[in-house]
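Structures are listed in the sections that come next.
Both complexes shown next keep subunit A, but they swap its partner, so subunit B is in the first and subunit C is in the second.
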Partner chain A sequence: MVNAHTSLPSLSPDLLPVHALIEAEQKEFIGAEDGVQRAGYFCAYTPPELLAAAGVRHARLFKAGSPEIVANGERFTQSVFCDFSKSCIGGFDKNEGDPLYQAVDKVFNFHTCASMKRASEVIGQFVPTTLLNLPRLRDQAASREFFREEIIHFRDDIAELAGRAISDDEISAQIVLFNKARRLIQRFSELRKRANPPLSGKDFLELARGYYYLPPEKLLATYQPLYEKLSAVKDDGKRPIRLMISGSEMADGDRRLVELIEDEIGARIVVEDHCTGLRPFTHTLREDGDPFAALADGYLDQAPCARMKPLDDSVHFSGGLAKEYDVEGIVFVYLKFCACYGVTKLEFLNYFQSLGIPALEISSDYSHSDHGQLKTRAEAFVEILNDRRADAVVAAD
Partner chain B sequence: MTEVLDRLAKPRASRKRTPTAENSKGLKAIAALAQNYSYAQIQAEAAAGKSVIWGGFSWESPLIYACDTIPVCIDQLWLDKSRESEAIAEDHFQIPGEFCSMIKTVIGRLHTDQGNNIKRILHFGSGCEPIHAVFELSKRDGYDVQTIETVSSFTNEEKRPAAIKILVSELQRIAVWLSGKPVDENRVAEEIRRKNSLLRKVHKLFELRGKHPLYISGLQTLLIFMGSMHGYGDLEAFGKAVDSLIAELEALEVKPLDSAYIPLVVAGGVGNRRLLEAIEESNGAIVSWVIGGDLLYDENLPPLESLAHYVLDAQGRGDLGEMVGASVAYRRLRVEDEVRRTGARGIISSSIIGCPYASLMQQLERDYFKAHSVPLLALETDVHKEPPTEEQIMRVKAFIEMLA
Partner chain C sequence: MKISTITGEASWKYSPPDPVIGFDIGSRGSKGVLLTPDSIYTSFVPTGLYMQETADILLKQLLRAAKLRRRDIAFVVGTGYGRISLAYKDIPYQVVTEITCHAMGAHSLNPRTRTIIDIGGQDSKAIKVDPATGKVLEFVMNDKCAAGTGRFLEKAAVLLGLELHQLGDVALEANEPAAISSQCVVFAESEMISLRARGERHQDGAARANIAAGIHFATARRVKSLLGRVGTEPDLVFTGGVANNPGMWFALETLIGAKFARSPIDMIYAGALGAAVHAGRHHAAALAAGTARPRPTPVARPRRVTPEKILVNSQNG
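Let's turn to the complex of A and B:
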């Protein structure tokens, strides 16, 4: 297992060029003297289409996993925030933060959970920050109209940052482009429906990670040939234990659980129901008509996180994804102090149980001190799934 | 609750209060109203066919009253049986131990009392995340939960027309949910005037209390704050009790605070109410309290817009806390104003253990006042009724001793 912060991650060789491209893009973001403004955002409900249309460099700020960065954030939050929120703050620390975060000229935060709303108030001390509203009541026409208005305000704010107006045509063109990227990433994921997928869970997370750092043109140019190559790989008939990870955000830099499951135990993550995995790529946007309505509807209609209402939508989506990818077990992971997934975990676990899919519940943080415990629990879980598989074979005979 | 009110009715002999305070008609009337707002009484009202809901007691209460509905503060859910409720939350709902006692007692009590008559819950989408989550869980127990869409604006610039528009639309929807018919805006306007009238009285009362900080205890002050939001279901009666108390304070001779007492500003609600007693027993005099809810509604606006402006303004001032998802950055300005205005020598800031939002606000206030050389004691409590821990009491006493 390799620390993603210090060295190459344990990706398949095919994915290493993608990794290198992302790293190069981040270096450009940090160091290129191009006179272009840098914008950062936290949440997958933020439409990067507008940032791209404005011509600003942009990145999703979801690098986390380092206890040191958490400690920076904890100077403000005390211990009762989730480690991700603390990392978002800690990344902006002037002395010990993350260079990517420090390169940002402006942060846009469509606030999802209350912790991230508060985090942005602290971050506003370090860098100009705009807080934008994200409705919860996805089915209400009034909420959609409100979100559309917020997105128009977002456009105006970006235009001010970029120093130029953004036309509707430019936005529509970016919607088309980002849709292509989303569709392609979803097609990569569908390769994982095979008995022996040609890409690992870690590989897919890297592809998803690229979406938040790479301009879509660059992404498409790199990902398309890779897709052709991977889709041509013959299925060798092996069938590793198939798992889904569901729950809280899995940050860029927090790969330890996936690496543990895939590299040390030998099971395979074939799908993720979290906002840094497959979830944001299961839906595309309308490409005609009013681009702001398309963005508002498109982002509200994407697979919901547990912050959205009703909760049943999130729970049923998660279960549906597990069935679609024919998983044998689900690892439900929530970050300590994450209200969205910590308080509601039983709803998810009960639903998985009703579908007959065993689930392992893990409460996680970025402390790195629980590797042994996690390994023991994950190994036991996979062992049970192996036994179930063997029992099923015997029963079929 | 009963226990608390019993103690309110019998002030401790050790407190240096005037005989008038011990026989205060105003304080007794307020205590009686609070008593009648008890869990059992409210359930009885609901059983008798009155429209009663959990929530709706804060900024939105004029709308709720205009829909002939009694809003009930969710603190009723933890005033009794809080330990049992918390255990149910952790065992039955598997809520992790790190979450605050408030949300655990809420879901636990809603679960055990699912057969009771209050089955509707109203809350604001900008409120804290865990309360959202537990209200979602309560749907399994048959509760009808309505959420007012999430809207946050911490500055005037952020208070955009779309934010007001969605809130107005949401309040119209809630009126239909409550009463089955479109909102009667004239009634809402009337309720706003009634609440403003009450708030003006409460303002006056607290101005007077600043001159006589020992007359009304911390616990009694907390009851007045709560009443200023919902009037304990009877705004008129509460207003009369406040009038009576104002008259009592106006009749008192203004004297400088005895030098044995240390003037303090309290920031935030105090979950464990006995901590208030610890402050007073240590000769702390609460000369001001920043807990929010003292804004006036704008009567010149259309009534639903007035409610919308009120809640967004409250957010920006750090008022009303997590009920409205208030800013964590701005309350300190009001605390600072109160320290200046009253000449307080220290600040006691309180939050509930496990509340990330309050803890962040405390941390920002701690840093700010440290930089400005104003002593601040940050307390963390829970909602249970057990006496505060010896450590908490010692911290309060040591803080006040240090200031002395």
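Let's turn to the complex of A and C:
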């Protein structure tokens, strides 16, 4: 069932064209010889609207999951960096790195956690890298003013890379386009509110993945008909166990927990509270007025990462999403040594408990040696949830 | 053995309508429990390379002890590390995780069970159980590393020149447990080596006991950290292979500050017993739904000794 050793992911057939489109886009990013510059960024707080407005090729750099790439990166870090930050460094290795990373002309990194800040400093040795500041105190007016300035610095940097000026109108036009893409992806997710969702959690992750590689025009042209098709799927009456995944990011290439839960155990992930799942698509940006203020407010107001303050915002957003999607359990998963989610886990778990939603805590990495233990945990968790369902039926009778 | 001699009651609410089996195929040892309407049989073998073969050996031993035939078995539930490797063409089979099974195994023998510590060959778990149903309320499992597991104790015994079954008793002779701070089995090993090097020759025995006790406390500290979310509400029950180690029993009781409840059978069988109880329930549900395996004909057939059987016997030595 798990397709770890085949080239195609175990997506439903409807998603395979999307997968092919993303692969083709990456190939073009790597191989195109038209002189267009290539920009890469790590974090979901980076506004791709500006990169698109400048006409540069751009991609979120979040490929990870292979132990070899981790080992490449570990030569530059202590062991207590998370495997994602090690993978970001490892991807730039001249010989054994990832071709997409090797093709990048310029990296932009909004400073999120200490590991990623240090990682981008190492990456600066391989490729020109700009580190930008991202305020933590999202509820303060001064933060917004500062972030707006930082975004203008970002624009200037991109203009230099592109070798041309970027007009405010071009930026506003991209805000409208990216809003359309965000809204459409959110509508896909809403289909998962059905008792038997017409798309799996893994399918949704693929749609979210596409957002970070495909230009929005291309994305809309392919996703729109797919949405029509999936929304017309008839409910066949099955009711799989509904789970949310919450926590740190799930890299492009790290699908083993999702495959384990959906393909091997048969439960469904119906919503994600992480920055590579639904989270970045729950908010849209203002489309009128000063585009820089719209970007600053829009990105600070989006569903918050656990590195933002106050933490209650992140915790309550997560719980709210769980209720909105009527989940029966939450899998809270974070990478080992994650400085954001590894140390805030109790606030999340205690809040889930206060809502009466069972939660399973998993700390993981990309070493692949813990499949058996992960499976036992996830299976036992689903057994508990099945029991609760049976008890609820008995209580209702 | 008659169930009533274990539970002390004439009828046991977990007795199955027909013979059923639970297998707990662990990373180091495999356990089998066969339940009939009035009896219980247990069997243990070290887990082999091929888990189906291991389960087949257990099955033959259990059938021999209970004087039953393979076709008398109405249902099998498999649990443990090797649960997914088992397959039966002729017997209804289900897989249940060891977390659910340990909870049910401990609960079925002692309904006051609220907290279980299970330490096996490669993992350790803390489980919070609903005393009304035997269902799992919460569980925490160790990370993938071997600290806090039986494997760690096994390694320690080798370094101290002891058999695994001697380790706990030696630890109880300690007058001053050595401070082993490493939670990592590899680093703890080097700590042990330097401690051993420091022990003066004429005090070897005492030094060894102190190191052994230190190892048990290091392991117990690791396991205790699992109890954070699960709590330590009594009755507290210790299950898994390491529950047979008196040194571990002592170290855990000391650190937790509470006593474990005594169990009427060797709690290495808790998982397999829970699996058998689940098998009994699945079978009862199938009987109620009319989908159960047809009962065997009452005609007794002479038992044939097949070459396969002879091979299995010789393997058991």
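In the analysis below, the second predicted complex is superposed on the first by the 391 of 397 C-alpha atoms of A that agree within 3 Å, B and C clash if a C-alpha of one lies under 4 Å from a C-alpha of the other, contacts with A are read in each partner's own complex, and residues count from 1 in each chain.
Everything that follows uses one rule, which is that contacts are C-beta pairs under 8 Å (C-beta built on N, C-alpha and C of every residue); 3 or more make two chains touch, one makes a residue touch a chain.
This structure is a prediction, so every number in the text was calculated from the model and none was measured.
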With both complexes overlaid on chain A, does A:140 touch subunit B (first), subunit C (second), both or neither? first
Partner chain in contact with A:376 - subunit B first, subunit C second, else both or neither: second
Touch check for A:345: first (subunit B), second (subunit C), both, or neither? first
Of the two partner chains, subunit B (first) and subunit C (second), which one does A:363 touch, if any: first, second, both, or neither? both
Let me test your reading of the model: by the given contact rule, A:179 touches which partner, first (subunit B), second (subunit C), both or neither? neither
Can A:387 be said to touch subunit B (first), subunit C (second), both, or neither? second
Have a look and say if subunit B or subunit C is in touch with more residues of subunit A. B
Taking the superposition as given, does A:318 touch the first partner, subunit B, the second, subunit C, both, or neither? neither
Of the two partner chains, subunit B (first) and subunit C (second), which one does A:122 touch, if any: first, second, both, or neither? first
Using the superposition described at the top, list the residues of subunit A that contact subunit B and also contact subunit C. 349, 363
Under the definition above, what is the set of subunit C residues touching subunit A in their complex? 81, 96-100, 123, 135-137, 139-141, 143-144, 229
For a test of understanding, state which residues of subunit B touch subunit A in their complex under the given definition. 93-96, 98-99, 103, 125-130, 132-134, 136-137, 139, 147, 149-152, 154, 158, 160, 162-163, 165-166, 169-170, 173, 322, 325, 327-329, 354-357, 359-360, 362-364
For subunit A, which residues count as touching subunit B in their complex? 75-78, 80-81, 85, 111, 113-115, 117-118, 121-122, 124, 131, 133-137, 140, 142-143, 145-146, 149-150, 153, 306-307, 309-311, 336-337, 339-340, 342-347, 349, 363
Contact residues on subunit A for subunit C in the complex? 349, 361, 363, 369-370, 372-373, 376-377, 379-380, 383-384, 387
